[in-house]
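Note that chain A is present in both complexes that follow, paired respectively with chain B and with chain C.
Let's turn to the complex of A and B:
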């Protein structure tokens, strides 16, 4: 009874957000603080009256930025209903209105007034010139915006949405807002940029002239010339997708369906490329197969043939990408290949199918979702890959590098970059869609509640021989490539002076002990610490956003859930290059002005890697019986408590996967990063690619080797911190809590 | 869960710690010279003045793009190094600010004229002549004659052996294009580029990449600034440097203060310091063989002797302007780069 009474008149969440809103308005600096998000210099630097650091209330009090004043009304409105019951219709209406009006006004003034007064001509026409301006939003605006959002969701919940569950409604609202802000808004902004003329107007003709460009769609390669970048990218991505899928399947079969003894070693080998900065493989390939590469020289002398530059162009990029992305396909396929129910295969064999027939007609079709996923991943990764084409591409232009040079080249054409990015996005989204079509609505479920004690049959011999040969060749190749990488980092000057030295490590990571403490004098330290800090900040945030989204998708039903799922998975199909370009376009100007900060890097990683967290969360949550939640709810816990105390502890493997993946990706990603790094926040990968362009292969490789070791250590550390999977404890937990 | 919280907490603490470290005077330096030189300049300036330097090294084209993108809200203070054209272009577009350094009377005339051509919004810090270098081992292995002039590079036997950067992405390559136009006249210059195109094996993205590839034995002849080629030779690669017989263009590596710089005082301090002989002599430590702009600075004995090279009268004002640049690049894109090889 007491609980009921409490709930009817006291609303802790409501009061919290009302207070938060007022704190944001009265106390925190409204605009972005220049020294960085976590610098608190403003506290002693003229706060609260200095215009740069003043909270909104002080600005209005001094007669500045008066367009913020209307926000007072929706901030005050919720006080009307604090004493009312949730079931009171007024309660819901006031909160919904206050939240919507406040949030709407905040956005409208943010977009309407920029650093040069009104942003839209019609506003100037209407109100005359505005002799004031505003910069990007800061803490104050952020907190006030959140307050409005959550007031709104509480109003919605009070109206009875999702059984009046405030946590779930707020979570849905929160995810929708951040995905809209950081995925849809930048993409939309980028699409617009493709139509902007040099004078700043909009014109479809501009788009057409950039879109129907011979450098993009030319088919000259059939006549001895060069093909357009779009065709090159598409062709390459399809090839890489197919090759990585086939190789990934080969490894999955070796690990699950053969008597191969060194499965652990094989698994370790396949993990290696994932934690390797992407272009390192390209470098190793040059050292092996380039015009003066060791292998090339060896064969040239052996057979007396003229060495060629065959590596530079399509073949080199294809090899490097296949090496780099096969492990991703393997990781996708291993689960699927293991998941195919042995009983079905045994049933086929009982019906007198031989091993080959069983494989072809039962096992393989059941692996279709895995194959499709693996292909899609390879396709998208290849489309987005930036490092390998840059190092090995020669004159083989692909979209990702063309986008980069449209932005940084002397011609400096953001519109062209946007058009190219649209083509890239069109390809990946089509692949995404085609994959869904191909899988159709058929059921591939083979794991049911019933026990399955069967054992996977071995591969048919006709398959085993080529599979083993392929796996063996690939394995050897990987070992050689990584051997080269290690060797390359300790030789003086590759190919000229092969004496051993640690000088590259010293250049990169030297330290000097002085009176004032350690001085990090090595060339690589700045970018190294930034990378660690960004990766460490992004990983837990990615996991949180991913898991909450997964929870909503698996455990809750609400209107528009399909659109919601599509929205959260969309950023997965958007290549990093596109993210990079769109973030520069969207976040270099108010209201959200974060280019050149560490925050933009963290955010780009969160939304790049979130889909993996979502997928991992969905996979493990579908394994948890819903009756667990129900019993927790029956015992009086609310959905937040259930999520935190029941679901979360059972999700350790998913948390680990999300943490590891986002940490590793944050350290090895280049495609989005290259656009977003700044003087203060330079990342390891962009630093390394600068070294590669400067012929400092030794330094680049030494740095990459160090990164590989650091990532291995970090992955191990995370494993210890998060703890291991203990599925056997499921029932115990459910009963205990 | 507890452990998870601890992890999150630790990372927040780490973040706060690393952020609050930079509170002293600071300077954001955009550097377009080679990495080790940039590093050395940044660290030496820190040592000399105690001002914290945030340095990003990007090519001059990239830096120009960045400064332009940030023009509404500049993030950088000083742009040091890189070929002069983008600096001139930035001056023309008012992306950089005028400044009269007290060091000016110590500089060579060419450095001053660079400044005067741009309303004092930029200044020369070093100069270097265009040329090419070749890998002697590869040349011998392929039984090729030694080239000495620009027109030698058009000979069919060099097909697939010549590399240069793409003028769209590299200031060096744009200087090559502009030099040919000035040396031979526009029509002849483009005929030369077309002929060269037939022998080119790859247009690299960065300006000095062709000679680096030649050093590693991945390419035979690279068209670059001679000081870049000298550097490869001094590093131990089998590279021979050629000053083409017809004469050649040159660059004036420049420095500019960014318009609206947030740390303007520090920027001016850096500017003055970078023109001193002490700062310019740092080049020798990192094998940068450009000719420094201060008359009192030392020149390396390995550096190409500028007095023995025929230099054309390079019109920086005209060929550094964005209109001319855009026109030439577009013409190159349409008439040259699309030809079959």
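Let's turn to the complex of A and C:
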């Protein structure tokens, strides 16, 4: 009876998308509703005849926006084939044509006609002045576009792509379209902006003058002056990469190759960078070494030296970033160091190498790709870091902050921001490319499926002593820094009035209970709730997109899979500031007009954090044997049913991890966010930066501490939940026994 | 009464000129023609990498043929994906879903086949009863032994009443004793329900024991198709002779052929056997170790090079002028001495001429 399905003429997915397309066209407001995506005031506010809220069909009916009328044809075309068989060649052709034409027309009219009539001069030249305009797309356009996309993918599937699997083809199509829209399109738009002259024309000379600017590439620092931002960023990133790799290796060696007793505590270190907003370290350093910092004051009194501002600039940023990113290197290297097979080291020892020789000739060479990987990660993180240079940079210009000042400062120069972003993107993408192409194929991980009974040898003594000293000093420093954060939040006014107070917490988080209920009177509540709300909305979407992508990458083979993988992982290497700038440039005008809304924040989080979801998904899916999918398929489930009923339930820990991780990352993000926040949607991190700029450190630190506690709770909750799913096993036995 | 719930809806399988290529130039299956009759258990047998598993997966729809046609029943299924084929498969690793109970596993396929809830349950319970796992409904796969998991996998495939049931080395994860029992169970169920079964294995003894017909594969092509007895007694070439049981390949001379009966000679020892279309001239002879008579009256001479005691019999390595041979003798109480010269002959039936050398 299964066999008959294929020959039948019932196509539920097809019918669903045809109806969806018509609903989008006939019933939903075509253009974006100004009150926000989730506001439904339009329902009682003149719908369906008011121009602002009318569905496309009503607009056309009233003789407006007539360029939407051609969409009716591709919307109607699929009705021709509803009764046909899937194997009928006409079925595929009609769907492909309808989808492609409809989607293409939708895009073309969206870009062709904007707020001021035709967007391109040649269109005006061709058709004369258009006496009409249109705004950004809304529900209606979104649904119709999706309908066209999925009609198209069903047509492709019917032609036999991926064994005619509608779910897989649609998933690939969907991921390609959203990644193109929200990663490649904004980046391309930003690159174009670098060539735009003040008059709005395009010119390579403009680009050249901005690109060869002395503020970007100047080498004055060798002559006692200032260097360009590009060189500053590069030097800083290399230094941070080296330092974090060395320190990461030191900690990894302590955990795996020594008799150190508190290894679990050290491993807990890896949680820190996840839950710490990026600029918090910078704040703590100011409390310690700033002009009125405790250490500065102490030395000033002791030796009678004048306190200096040495911290602000390269040294401060370097220390802050090294503190912030060492745990990331540690996380990478602990896997690498453990991955070196103990039997190889034991083999070396039985071949008469002593411990130092073993380490130098066997262990270290085997770790080399891992070390390079850690270095590149530190490099990318440092390049992309925005919070610490903003707080500590002083006169030390780096690319990420320069981009920010080009956009928000008095200069307001989009072109310059775009050029800076291009340079920054070039650096991070090169590192990303090197990491993937050069290291991807060269893995020395020696862990195989077979049990390896060996034990890692201890470090040679000559190495152990410096390693322990370095680890001890840096560990203490980290603890002091985090202690400062906690302590700083309860001090009245740092360096001036050191009495303890909860004043800052009260200012930020006071609550008044009135008859009408709780009133959130604290200054921070607004941004706090916005942050929670945005992060909570972004997390499940991130997890869904990430897991579907991971499924496609691990379980399906299709043409162009490598490019697909590269494209989806790419946003990992795009610094947040670049995303922020490109989103402003791309989504401030129709057809997608979402700046100033909460949606743009959610979308930026989805695509910033998607690689994390993809990686989590890939890691756990590659542990599920492929025969599970295959047996489900031979039992008559289709690939969607297999995904939902077999793979998803087995991935529950990965899903939870992706959820919590993307939630937490959305709460701590600053670099992209600072461009995208609006008065209505202010996020916690940008609020805190605002306080810092007003020298209101107490409140900033109190707020940061609260965030850390909230995120710690989220991560802790995750540990408990994941732990439970692992041991969750039914205990009741058959009723017949 | 429950047993009646599950019946066979068996159908034949036909391969017409099927080729499977991976990438540009890796040919996994090269232009094979194959026909599996309704209600028969056919084994694909061959060394690893011979294309037998790929062939099986093409029947399941997990791999798509690059060229040729695949038919199940009267239907051309060449381009149908696994989901839409009426075929179930028992995997080497069993592939039981670890998050579902035994009953949920067995019901899994039924829920996609349009059965009502009660019917699904009844059929699943009947399926479990059929494989002797009544009352294990609520266990998780991790709470079962290997043999029990195997039977759940069989039940899960059976309850769908597939046109063809596929087994991919189903016994390789079981210990030796359990293997014999499970293979007998599989064969009994197959015969009871009249199922069409395609079975992949690399164990020739297993293949001989369960099959109606064996397809021996080598290098992506079919080497020989035949019943177990045909393959054992009349292999077409050296590869098949050696792969199905052991065989000594002995060079000989065909002296005369009459009515398809040949008279051969080896160092003056004469033997009469079917000519299998061969003509007078040099030829090769395949002789099973058990068909060598060590110490016969008539024969050729050989020397005992090695003697091994394996409990039920003696195994000897014999050195003759044309090479070494491997023979066995049931007499373990009076073993022959190493280095002694013996006369070796053939039993009356047994040696076969190999058509192509």
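The rule is simple: the second predicted complex is superposed on the first by the 687 of 737 C-alpha atoms of A that agree within 3 Å, B and C clash if a C-alpha of one lies under 4 Å from a C-alpha of the other, contacts with A are read in each partner's own complex, and residues count from 1 in each chain.
The definition used in the following text is that a contact is a pair of C-beta atoms (placed from the backbone, for glycine too) under 8 Å apart; a residue touches a chain by one contact, two chains touch by 3 or more.
Just so we're clear, the structure is a prediction, and the values are computed from it rather than from any experiment.
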item	value
Touching partner for A:523 - first (chain B), second (chain C), both, neither	first
Partner chain in contact with A:646 - chain B first, chain C second, else both or neither	second
Partner chain(s) touched by A:160 [first = chain B, second = chain C, both, neither]	second
Which superposed partner A:625 touches (first chain B, second chain C, both, neither)	second
Partner chain in contact with A:381 - chain B first, chain C second, else both or neither	neither
Which of chain B and chain C A:345 touches, first, second, both or neither	neither
Chain A: partner with more touched residues, chain B or chain C	B
Partner chain(s) touched by A:638 [first = chain B, second = chain C, both, neither]	second
Those residues of chain A which chain B touches in one complex and chain C touches in the other	649
Chain A contact footprint on chain C (complex, rising order)	60-62, 64, 75, 79-89, 91-93, 95, 97-99, 101, 108-109, 112-114, 134-140, 142, 153, 156-157, 160, 166
Footprint of chain B on chain A - complex, ascending	34, 36-41, 115-116, 135, 214-215, 218, 220, 223-226, 286, 290-292, 309, 312, 390, 394-395, 401, 405, 407-412, 414, 493-497, 521, 523, 529, 533, 536-537, 540, 584, 588-589, 593, 595-596, 644, 648-649, 655, 677-680, 682, 690-691, 693-697, 721-723
Residue ranges of chain A in contact with chain C within the complex	1-3, 5-6, 160, 163-165, 625, 627-628, 630-639, 641, 645-646, 649-650, 729-730, 732-737
Chain B residues touching chain A - in the complex, by the definition given at the top	1, 3-4, 6-8, 11, 14-16, 18-20, 23, 28-30, 34-36, 39, 43, 54-59, 61-62, 64-66, 68-70, 72-73, 75-76, 86, 138, 160, 166-171, 174, 201-203, 205-206, 208-209, 212, 215-219, 232, 235-238, 262, 325-326, 329, 333, 338-341
